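Down below is the structure, laid out as structure tokens.
Here the chain labels run A, B, C, D and E in written order, and each chain numbers its own residues starting at 1.
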Amino acid sequence: MAEMWISMGPQHPMTHGLWTLKVKVDGETIVDADPELGYLHRSVEKMGERRKYFMNTTLTDRLCYASSTTWTHCYALSVEELMEVEVPQRAQYIRTIMLELQRLASHLMWAGAYMPDLGHITGALYFWRDRELFLNLLEAPSGSRLLYNYIRIGGVKRDLPDGFEQKTERILKLFEQRLDEYADLFENSKIFRMRTEDVGKFTAAQAQNLGITGPNLRGCGTKFDLREHDTYEIYDEIDWDIQTREAGPGYSDCFSRYMVRIDEMRESIKIIRECFKKMPAGPTMASKIPVRATGEAFRRTEDSRGEALMYVVGDGSDRPYRWKIKSPMFTTISACPHYLKGYKVADIPAIMGSIDICIGETDK
Amino acid sequence: MSLFSFCKAMAEWTADYMLIPVFNFQAGLFPPFSNPAGDIADWLETDGGLNTLAWLFAVNIAFAIGMTNLIIVIHLERKIAARIQDRRGPMLSLRSFRELGEDLAGNSPSWRFKQNYAGIGILQNMADGIKAITKELIIPAKADKFLFTMGPIIFISSSVFLLVLFPLSDRFAASSAPAGLMVIMAAFSIAPIGVLTSGWASNNKYSMIGGMRSAAQLMSYEIPLLLSMAGVFLLAGSFDPVTIVEQQQQSTWFFGLPMWNFIPQFIGFIVFMICILAEVERVPFDLPEAEAELVEGWTTEYSGIRYMLFLAAEYIRGFAGAAVCTILFLGGWAGPWPVPPEVWFLLKVYLILIFWIFIRWTVPRIRTDQILELGWKKLLPLSLINILIVIFMVEIYPYLSDTLTLLPEVF
Amino acid sequence: MDMSSKRIKGNANLRRGLGSKTTDSDKIMEDPPAGDWLALRSDQLLKWIDDAVYNAAETTGMREVVDRVTRPIFNYAQRFSPHPLHFGIMCCAIEMGQASAPDHDIDRLGLVYRSSPRQCDVLIVNGPVCEKLRPKLKTLYEQMPEPKWVIAMGECAISGGPYWDSYSVVAGADTFMPVDVYIPGCPVRPEALMHGFLTLQKKIREKEPGMFLRR
Amino acid sequence: MEIKAFMKEVSSVKGVTKVGLVRNNVVKCNLDKEGSKDFFVKLKDDFGFEHCSLITAIDNQPQFELVYHFSAINGSVFVKDSSAAVMAEIHIFLDRDTPTVESISDLWFGANWHEREAFDLMGIYFIGHPDLRRVLLPEGFAGHPLRKDYVYEIHEEEW
Amino acid sequence: MSSDREIGIMDIIVNPMKVTLKQFFKSTFGKPTTVMYPLERRDPPPTYRGMNAVIWDLCIGCGICGEVCPNKCLKMKPTELSDEEQDRAWYGSHLAKRKNKAERPAINFGHCMFCGFCEDYCPTGAMTMTDFYELADTNREGLIYPARSMKVELEDLPQLPLTNYMMESPVLDVDPCIGCSKCVDNCPTNCIIMDEGPQNKTLKSGKTRNVENPYFDYTICIGCSTCVKVCPADCLHMEPISNSSSSGLSEEGATTEA
């Protein structure tokens, strides 16, 4: 068969969102790839300049539909940095709990979306069943299933409801049991390993230059996590470890990236438990929150997909003058020709799925 | 009483009391030269005419059983999948027929939907099928129109053809040829032509890759499949399903249990199971329609009833594959007495089908190169080993045992 | 037969062929452009059969009878097996996926997500439609076979939602394609999506589109 | 290299002004447009900033401002007694008439699409970029919408 | 960790199938997790943000909900109040009692994104969000809910203090003020009174007269900026003033300087 271009997307089961991957194939081997974005470009940055600071949390919620809290949190952090707001201790603990719950839900969303890529529908439904548990948890304080609008500038919207801790503990226990149970179905399954091992390899040095961050970078064995290395909230007071895996010396494949996320889920459970143990009483909202701001500030946080950075410039009015979002997936998708070349067509979903794509944040 | 004699009796009855009087009546109405009704009546009285009519009945019965099975299999698949995934699956119940009845009566009833989704769900397949009839049939502008329409016809006809080739038991068979299984396997390998044709004719890159994959998969799996079947043929000395099943029943194991072929030929059984899975294109071998990378594989461009025919044909092929497996390795319709053999046969087939359904919802899909590697590098040698074992059993072991029993007499 | 000439559309040769007994097969062979005669001829044959059956049914009044019997049945089938297109745009797509999770199990309602638009009945627009996406979405809609329905799921698809003042988001899916059911919610809960499908069923039932002999 | 030493070294480079520290781990400085590439090469090869986090383009009405964020993942520059990863925030000011700057996508591949985005939405030209096309907006879109002088019609629903 | 063991021949089919078989038996002989939606439903939590409802007895028509709505999907519509409704009006009753035409929020649910800002920023707690989410409709106009369709009546009204969530309050610039008292007429909470101003003004006709100026009670000001909008002389603007720092009437010197 001669070389030909296949255009996958925007409507394609592989894409997990709206983007087009054009691949040049020789038979079934990928020779070249060209990702194309922009089908979901909603001009969030421009619209943010028209809205007041506090209203923008609705936009940041909708940045990444799988992990909205982390993005709102990143925005709130950077605006708090800009406005020099002190967040109460209890609010910080609640934020950490919500962030980790969101990370769990986001990773479960990813795992659920990854399994059909490998032809494993049951896996998807198992993970989505567990995600439902965490959505119910997140729904209880915030009042919405997906886009919470819970973290506000200066704290959180309201305190955790009664019995939240017990409910969380029950669900975490159930989920831990299930994770152990799933090991046989997924990571210990021979066919699953055949599909994911030695596929989509890149080294740590390559990944850093390509702009790949987050679990994908930790899958190469690099110990880099912004919760530790640019610490925020109360992550420095809590005892936890950065989870890394590597497929070989300094490189990652789909399986190591999968395992990193599974390990991170276990780690998140640990963090949540410890947060509940240490949580003090107190207010959940800063007493005085300015409306207007001047200057510039940025914070970066560890999103479920990598490094999230928001850069806010204020000009003294009640709306941001410029607001820039750094999405981890934007650069990761741009690098996809580097890690797709040489593999088969059937590997495309396996590789792109293991990267954990979210187009909402990418296209902004 | 065998199926054919039953059909023959039915044909005689129908011919005598229904068809011949009608034709004779018609023949009397018109001048004899232009009207063939009288000739038909005469022909129906002969042995050939009755046989033909009996054949018609037999084929129709087999077809009806096959189609009923098809619906049951699809329903089984959906329900078992749902149970594996901790949910309920389709629940469209007979209660929703009430709405249909109200429609047919011509009155417009109040809208009640709550009770519709609280049943076993067997109506869901009916609804899907009937809906497919009403859908528009789209032929893409740049497709090869003739081949595009021919693809589903080849696929479904070869699959339905399979249905009439199976004996449900030695007495319940629409057709029984001495080369029965060879004909079945030949019919099995017609369908990929339809796949390739429709994949190519759609003028869609996904469809074409799907068709190509199908061809490649067929080529690499047909050989180990037939080689693993060869062991059974050698053991039975025949291609006839009836002979094969009888042979399995005759050879006994300890405690006088029948030694079905999957015991002596365990390797062959495993190879055959893998190959027939690949042959009927089920997960983990459903590469031609791999949903993740090739949208719907070779069926991407097909709409409406054409697509439903593909779907139905796939399940028919699955059913047929399980039936072949039962005949070859699991003793066919043999089983303890109080249950009729036809039921035994269907039970075994359904057992295999359920096993396949479990496999389908348990493991991911295998990659193209891995599937070909498995076929050529692993299954082919294994099937050859199986043949060696059978040759040892059939030819060398009797010779050796004869020699061994003779040895004391010699010395 | 003047009656048939009133009804039949299509090839003039075929019309004559149906009316009188002198079917000139040579003319049928000659009429289509050379090189493609095989496909076109089968097409024409099908058309001829269609016309013949329709005319026969129409003249004898069978069409009314058949329609009256089959229409409810087809309508029944259509409303209980709407297959949506597996097409995710944004947040609501996650809830669409979550609706098939064991907790909600949209498969109960007979909804199976198909990836190819050719095999779908319902297009769920579940997110903001940007200018870059609009032509593609329109293509997807056109690729779907009749009868088809569109569900605008979530605010973005209804009116642009949170992105009402954006320079790149279209103000709702109904600006460029017909929309049958609007489901408000941001994002739409899986239960609300199911309610939307039940509303769609209601709509299909009231419209009674199912027909056996189409023209 | 300790972050104080790094700041000292940076401030000695030609074209760098206003070196400051934000939040103990971010070094902030202004950079002249001319010779910026030399500084970036130094930043990558000598100081070990192997990750380009973000390129922001700001329309400061008369002129454009480019803000680069780099981070040292492997800890070649570090903060004493802290695990914080060091970032460098570099501001480059561009004229409105000639919004051109040298591309750094050959040094950091991660900067490739950030530059494309800055070109797409703000209209800044990166000299030496291998593939400077629009990335988010469709081909043939008129104007650069994130500029402050970009005017567009807002569709407000009447009800 | 369990995933570190060697992968053997049993891991091709048998071990994975153990998991699915277990689940199969669990959900066949037990109860699947499915909630059968049209028949039974899972209740959302009490905090759930579904369709809006307005407690009219509490609503003072300040329009803050429309102000903070990022989607601009909420508009204040002039609505005729019945006598009973006028009687029941609680906060800001002066507005409702004075005119039988008050402004009440109407929502276009084809545009609302259920962010909950209107609920959070409502100074009286009149705007609430119910757990009703089945809003699907077959035509677009059916999603526009007029003001009256969202009215709810509660038996026991929550007695909430008026809170300024907007963090801003109006500040008077004395010089341009003409003393028209439009702000007083339109203030929904009655927090403005007109009193003698600090200085006399020279009118066009040459006469010098003391102009009445508005004075704000910041304890009950809700920061709705209605006064700023209606002011014909542009003498008011909003400034961040926290509730705790200023109580009672504003000091002339402090406000004029700011």
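By definition in this document, contacts are C-beta pairs under 8 Å (C-beta built on N, C-alpha and C of every residue); 3 or more make two chains touch, one makes a residue touch a chain.
Model, not experiment: these values are computed from the prediction.
Chemist: Out of curiosity, which chains are bumping into both chain A and chain D?
Modeler: Per touch definition, common to chain A and chain D: C, E.
Chemist: If you average the C-alpha positions per chain, which one ends up nearest the average over all of them?
Modeler: A
Chemist: Select the chain at the greatest separation from chain A, using centres from the mean of Cα atoms.
Modeler: Between chain A and the rest, the longest centre separation is with B.
Chemist: More C-beta contacts across B-C or across A-E?
Modeler: The comparison resolves to B-C.
Chemist: Quick one: which chain's Cα centre is the longest way from chain C's?
Modeler: So the chain farthest away from chain C turns out to be D.
Chemist: With chain centres taken as the means of their Cα atoms, state the distance from chain A to chain C in Å.
Modeler: Using C-alpha averages as centres, the distance is 38 Å.
Chemist: Where the CA atoms of chain D average out and where those of chain E average out, how many Å apart are those spots?
Modeler: 40
Chemist: Would you mind pulling out the distance in Å between where the CA atoms of chain B average out and where those of chain E do?
Modeler: Averaging C-alpha atoms per chain gives centres 65 Å apart.
Chemist: Cα centroid separation between chain C and chain E, in whole Å?
Modeler: 43
Chemist: Where in chain C do residues touch two or more other chains at once?
Modeler: 102-103, 105, 108, 115, 132, 159-160, 162, 164-165, 167-168, 186, 189, 198 - these are the residues of chain C that touch more than one other chain.
Chemist: Residues of chain D that touch two or more other chains: which are they?
Modeler: Correct list: 137-138, 145, 156-157.
Chemist: In chain B, which residues are in touch with two or more of the other chains?
Modeler: Counting only residues that touch two or more other chains, chain B contributes 82, 84-88, 91, 113, 116-117, 291, 295, 361-363.
Chemist: Got a list of which chains touch which?
Modeler: A-B, A-C, A-D, A-E, B-C, B-E, C-D, C-E, D-E
Chemist: Once bound in the complex, which stretches of chain B touch chain E?
Modeler: 80, 82-88, 91, 113-118, 358-359, 361-363
Chemist: Please name which positions on chain C make contact with chain E in the complex.
Modeler: Of all residues in chain C, those touching chain E are 102-105, 108, 155, 158-162, 164, 172, 174, 179-186, 189-192, 194-196, 198-199, 203.
Chemist: Considering the complex alone, what residue numbers of chain A touch chain C?
Modeler: Within the complex, chain A contacts chain C at residues 10-13, 16-18, 38-43, 46-47, 50, 58-59, 62, 65-66, 109, 112-113, 125, 128-129, 131-132, 135, 145-147, 359-360.
Chemist: Help me check something: in the complex, which residues belonging to chain D touch chain C?
Modeler: For chain D paired with chain C, touching residues are 137-138, 145, 150, 152, 154-157.
Chemist: State the interface residues of chain C toward chain B in the complex, per the touch definition above.
Modeler: 38-40, 42-43, 69, 71-78, 80-81, 102, 105, 107-110, 114-116, 118-119, 121, 143, 145-147, 198, 201-202, 205, 210-211
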